[in-house]
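Letters A, B, C and D name the chains as they come in the text, with residue numbers starting at 1 for each one.
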Amino acid sequence: ACGGGGTTQGAAPAQELQFGLSADVPKLQPHLDQGAAAMMLDSVLHRGLLGYNAKGEITTALAEKYEQTDPTTYKFTLHKGLKFHDGSPLTSAEVKTSFEDLANPKSAAKIVSVTQGIQSIETPDAETVIIKLKSPNAAFLSYIADTTAAVLPSAAFTAGGESWVGAGPFKLVSHDKGVSFVVEKFDGYYNAGSVKLNKIDFPIYTDGQARTNALLAGDVDLIDFVPWEEFDRVKSDSNITLDAQSGPFMYLNFNVTKGPFADAKVREAVALAVNRENVVSAALSGNGTPIQGVPVPETSPFYNKSLANGWEQNAAKAKSLLAEAGYPDGFTAKMLSTSQYAFHKDTALSVQSDLAAVGIKLDLDLPDWATRVSKGNAGDYDIAVSGSAGVVNDPSFLSKFVTGPAEHTRSFGYNNATINDLLAQGVAETDEAKRKAIYDKLSETILTDAPFVSLAGRAQAYAYQKSVTGFSNIPGFLTFNSGYTLTETSIVSP
Amino acid sequence: MTAFLKRFHEHATPLRYVALAVVVTVVAVALFAPLFAPHDPIAQDVANKLRPIGTPGHLLGTDQFGRDSLSRLIYGARIEIVVALGATLFACLFGTFLGLMGGYFGRLIETLTMRLTDVILAFPPIILALLIVTIYGSGVMTLIVVMGLLFAPNFARITYGQVVGVKHAEYVEAAKAIGAPTPRILLRVVLPNIMSPIAVQMSLTLASAILLESGLSFLGLGVVPPTASWGLMVAEGQRFMASNPDLLLAPAIAVVATILSFSVLGDALRDWLDPRSRKVSRPKAAALTEVRA
Amino acid sequence: MSNNTSEDLSMEAVRRCPPRDEPPVLAIREVSVDFNIGGERVQAIQDVSFDVYAGEILAVVGESGSGKSVSSLASLRLLPDTANVTGSITTAGTDVLSATEAEMEALRGDDAAMIFQEPMTAMNPVYTIGHQISAALRAHRTVSAKEAHQLAVEMLDRVGMPEPARRAKQYPHQLSGGQRQRAMIAMALICDPKVLIADEPTTALDVTVQAEILDLIKDIQQRTGMAVLFITHDMGVVADVAQRVIVMQKGRVVEEAFVNDLFDDPRHPYTRKLLAAVPRLSISEGSVPVIESDPAESQEDVVLSAKDLVVEYPGRLGRRGFRAVQNVNFEVHRGEILGLVGESGSGKSTVGRCVVGLLKATEGELNVCGHDISNLSSRRIRPLRKRFGIVFQDPASSLNPRASIGDSIAEPLRLHGNLSSGKEARKRVGELLESVELPSSWYERFPHELSGGQRQRIGIARAISLEPELLVADEPTSALDVSVQAKVLEILLELQGRMGFSCLFISHDLAVVESLASRVAVMRNGTIVEAGSINQVLKQPQQAYTQRLIAAAPIPDPREQRRRTVERRAMSANEATRA
Amino acid sequence: MLRFVLKRCLLGLFLAFIVLTLIFLSLHLVPGDPAEIILTGEGGGAASPEALAKVRSELGLDQSLWTQYVQYLSGIISGDLGSSFRDNSAVTAAVAERLPRTLELVAVAVLLALVVGIPLGSLAAKRGGVVDAAINLVTSTGISVPVYVIGTVFVLVFSLKLGWFPAGGYRPAEADLAGHLQRVLLPALALSFGIISVVSRMTRSAVLEVIGQDYVRTAKAIGLSGPTVFRKHVLRGSLNPVVTVVGLQVGTLLGSTVLVERIFNWPGLSGLLVESVLQRDYPVVQGIVIVISVIFILINIIVDISYGMLDPRVRTS
């Protein structure tokens, strides 16, 4: 294939990367951004105090160093002479305003549930930031290492948090709406010396197949979000590396305010009735992992093998649970999913077939995504297919799926005091062994109360030409932070 | 019926017989789908997914759920026939009516009818479909109405364009002069003389209907899964096109064959309606060359 | 135009002895044509042979549907695909049945030109006539578009088109029947063809124009030695122009003779019948068959009256309209046939269309069967329709091409005739077909499968199917051979006798008008210039135009016609000098 | 003539107003909340009720429908199509940027369709028999294979297999003309497939209709060559339905090139339209629909005028 990027041939490759991006980003709001494409841009344009390395370990970023002075106090020391792309200085004052915004419920920051726990932010000098929490939070650092905790220039807050100017390793040089972003290396970056790429061109390819084709044709060097149907095709190309990690996961929600699913037994029956292998195979083209219990990643220290398979398929047990709940002959219910995303629809179809086997007949409601979200938020469903990810790999991410106001990613009307309690204990506990015990307990509760039914982890993949080195897909939910590794990426001659 | 067949035979070419056979087969298969289908079209068997065409037991292979493509194709014919034909007929009747009225009467009626079509046309089809379906929910009936509404303006405009050309013809005047009431003039004089582009448009619309059904199914606005429809199968197949082209092949061929057959029959209808071409003239040309030789 | 006797005499000589030493320009040998109708072969002509030599006019007369048009179309290989032609045809040196398409293209329009029978459908409605004529020229000559247009205008002028420059820019539908025909003739003559095949070229023309056209053709022929195959049913015209005549019947040539011989001594019974049926203008014979209607009675019963009728055609795209009829007044009484004659383009058809409510009068009053038709909505007119009928001038375009002729005739019966069954309709249609001398088995045929005269008869059958009180007949017999014409006239007279039917009879054939009408009105330039009883107008014409009209009417006697031509030329020469 | 155009244009404005009102109302009837989508993105995000309320009020969605409508209308009258919910940019600018791109695709596709479709249809009509059947097969395939399948095949073959073209994308013509043209060709070709078929089938039927007319025989009789007869008389007489369908195709395509745009990654208007619907970006949807409808209404006016041009018997008044 002929090179569109002009980076695949020649002796000394220009350090210019063509990155096929999966979506346009109309507005960049690092504190809010949840989409893969937006987070990718956040990770090159912006930086927070901390970051992640390729293995998913917390590293320093704008903060040269940090320490936890007591269970609720963190002290960060910034690099000297930090600058935003526009040349304005980045000092502790900017860090403070940024964190205040992150903690403000009205700003809808992605990690607001964590940042709301901030008691105070002190800035004794231009390079020092001291953050005090109301109560200990074992996962606090993981959260603020996410791209969302970027430090933004104060101008951003008058623009509602929108910011194309940051303190990240690259600065935006042009944005052709719907077509591409171009960023160039920012010489004022604290670690500019180690950044090898001079320029990254992000042509936008919203269609997965088109994106894959562009990579295979050599038009681009790297793509994100490889569609599952295309994994085999990409893998079979010897010039290309497919870098997949388990990412977000698919699960079922219930409307627990009415009907059969108000009964935990029925929900558990559902959990036991579904064949997760089929979901992986049919909806994700086999590129995922069945999750038969609480979705704590296997790599996590909190992973408990005995609990991880608590929802192993068992149709007989499911049936008896249904009978116990008073539905020996099953019932009919409405299942909400969306047709806008094929994997959501296919997951629904797979589940529909499994549940039919135990007598639960599901009528599918497959509107577009916006309607799906509205209906989810309004509880206009009996059972729903969802897909989401935690922000961090720390099990505290589970709170997102079981507590909080009505929200389409959560079972409608679900509220369980025991679970809420255990979650609170979990983040407050700093001792790892004790934490593990708490989360095991939480897992057990979830297994029987089934506030959601996990189905499968989706393999989230980047794919790139062999000439691209240093880029890597950060495992787990951190896959969306993989843009952090672009600072180490370079292009070598093949 | 026998008269029809006789008339058909008059214009018949082997191709037209094949086309008739295809259409009859599709309709029969659709009617008696349970008799023909080897499997339950929605029964999943993920272990046997994405089998290629020619797999024993799954003649046309299986899809990503391991559902039998042949059975889905057979059941899909039902939906396709109902939806595509239904929408086409609806569009044709409604649109032709509007066009006839607008073209023939002119003035206020023209303004009302033709501007109504302008308004419908002004909405990009996908948007109109999306709006209606999201508001009223998807389903076969909605599909028929949506697509009928969408395609009606095409008929209206084509009819209109033809009618304005024909309405001053002397034979129309002659019909007026013998006191034929206007509806009769429209139906018996004007319509037969403008029928051929309408007939062509019908076969085109049928194709568009299947395509749009496919597109809408793709956007989840079509028939509700797991019900099969050809359009849905084509849309699904496209996802796996690069890796498993077989999945697309069967429904695509079914769609092409059906549309081809309908357009061949459309041509037959055209010839049938056109007295000038009603006697197939090919043998005559041959005779002429014989004479010359 | 000079008119000395010696030239006439030399012409007479030519008529007798066409030059036979050269090969014929058009040679038709044992040609047979059959058509495929619904898989069956229908023989149209059989073993037809004749020759046309340079400088000669061969007239073809015969029964309507006898294959005259088919033979002429065959000579230029213009028959539809459904036709099967055998035999041999040589046209201007080209073997027509084996020539390549390119050879045919070079032949057609240049060496051999054709005038078609029905000019309405034969001209492309989307081009101006000027354009179409210059296209015919430019197909064979390298001239600039501008020059070609100029020549086209000149040609139009020569064929007697009034205001040729303006007309050249008009579309066929904006012209009267006769004007279209003149455009058609201009198109055929523009390249000075070696052989001209003229299929009823003057049927739609009033006699004055007809006379001019005939003169023109003769003129060109003398100048260039053009051979002319002249199809006509008008024996007067035959007498005027032809040197030799062939007579066709039922697809065969039944007689071939020099013109004088044919009139003096017809051999074949059909020829005799034909000549016997020819209506003759009384002035040429001295005896006047007068059909006197009782004026006292008819005064009461005015079926149709026009007062200060004005009709205007709207202009296209905002241009000024055209006033085709101006302040016309006339009355038709019950049981009366009013003849309407006059110059081509004078507004006769326009009046006719107005009478049946197809056109709205711009001004004035038009009373039909007791209703002021110019003020009625079309819905109110409809019930009246069964009381009046119309025969359109152009039969080809007035028949629905998608309806079988049977259905076309049955339509009024179905609408008004409260038929009890389809069978009855078939029966009635069969009767009607037979009454216009067509086989009742033709129910299923389509208009394009008929000859011009046959189509015209369909139009007549349709118009009389309801036995109307008032009939507007626009040149109803123009395309009919005289024997059929006689039959049709008989039907009209019979209707008149039986049920007091009235008729506005538009015609350019004065003899026909005379044999049918009791009164006649003469139109020119949109006004009625003279009106009165047949005797009055035809015997003592007051207006110069009427006089010319009568002088121009051809007489079916070659010697007499020669004399009249000389007279007429003298008259127009006088007029010209006076003017 | 001028009066006719003027009248139709005024009427067109009124129609555009109706379209506008309809689209405005129906968009608000459609379930789905712009604020939710803005805040949650495509991912499985969650948004707090406070944040939702804040965004709604920023977008003016908390006002009554009537107020929103009046505001929108007054904006339109002053030539302002509003600004996007998603990035606050002016809709006018977005449309101005995207429209030419889609128009370009459509124009190239329609041009191709005319250049190929009319001769193809004529050939089918003239030759009949096997040629006709073969063309019928090709055109039937052309109309029944979805454009996204054809497009995908093109990419797989021409870009991946043969490497002749890039696999989609867009380069502004003024910056990189060659790159621009390289990327126009395949999508336009894919798009033209269906139109070629439509044009060809319409042409075929219309030609058959005209070819038996007496005036065609006359044209032959004056010695015009076969091609001239065909071009000037047969085709000319057949154009009416062809013009009609081409007009319809152009109009319809403007809003329906989304699938091609997606497959070839062409940042056109149609893609933006669909995306804006999915994202419930009302002002953008409204803006685009208005622009498309105005164009369509104009096309229809042109087509109606052309009836009068093509056939003098049709009186345009």
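In this text, contacts are C-beta pairs under 8 Å (C-beta built on N, C-alpha and C of every residue); 3 or more make two chains touch, one makes a residue touch a chain.
Remember, predicted model here, so these are calculated numbers, not experimental data.
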Chains touching both subunit A and subunit C: B, D
Distance from subunit D to subunit A - Cα centre to Cα centre, in angstrom: 38
Whole-Å separation of chain centres (CA-atom averages), subunit B against subunit D: 21
Whole-Å gap between the CA centroids of subunit A and subunit B: 46
Separation of subunit C from subunit D, taking each centre as the mean of its C-alpha atoms, in whole Å: 52
Subunit B, residues touching no fewer than two other chains: 130, 134, 168, 241-242, 274, 276
Shared interface positions of subunit A, touching two or more other chains: 209, 213, 340, 367-368, 371
In subunit C, residues with contacts to at least two other chains: 80, 173, 448
All touching chain pairs, where touch follows the definition stated at the start: A-B, A-D, B-C, B-D, C-D
In the complex with subunit A, residue positions of subunit D that touch it: 30-34, 36-37, 39-52, 54-55, 58, 84, 86-89, 94, 97-98, 152, 155-156, 159-160, 163, 166-170, 172, 262-265, 267, 271-272, 275, 278-280
Subunit B to subunit A touching residues, read off their complex: 42-44, 46, 49, 64-66, 130, 134, 138, 218-221, 224-226, 239-243
Subunit A to subunit D touching residues, read off their complex: 1-2, 4, 23, 26-27, 32-36, 38, 105-108, 110, 112, 160, 176-179, 203-207, 209-211, 213-214, 216-217, 219, 248, 340, 367-371, 373-375, 377, 386-389, 400, 404-405, 407-410
Residue ranges of subunit B touching subunit D (in the complex, touch as defined): 13, 15, 111, 115, 118-119, 121-127, 130-131, 134-135, 153-154, 157-158, 161-162, 164-165, 168, 196-197, 199-201, 203-204, 207-208, 210-211, 214-215, 234-235, 237-238, 241-242, 248, 252, 255-256, 258-260, 263-264, 267, 270, 274, 276-277, 282
Contact footprint of subunit B on subunit D as seen in their complex: 11-12, 15-16, 18-19, 22-23, 26-27, 29-32, 128-129, 133, 136-137, 139-141, 143-146, 148-149, 152-153, 156, 197-198, 201-202, 204-206, 208-209, 212, 240-241, 243-245, 247-248, 251-252, 254-256, 258-259, 270, 273-274, 277, 285, 289, 292-293, 296-297, 300, 303, 307, 311, 313-314
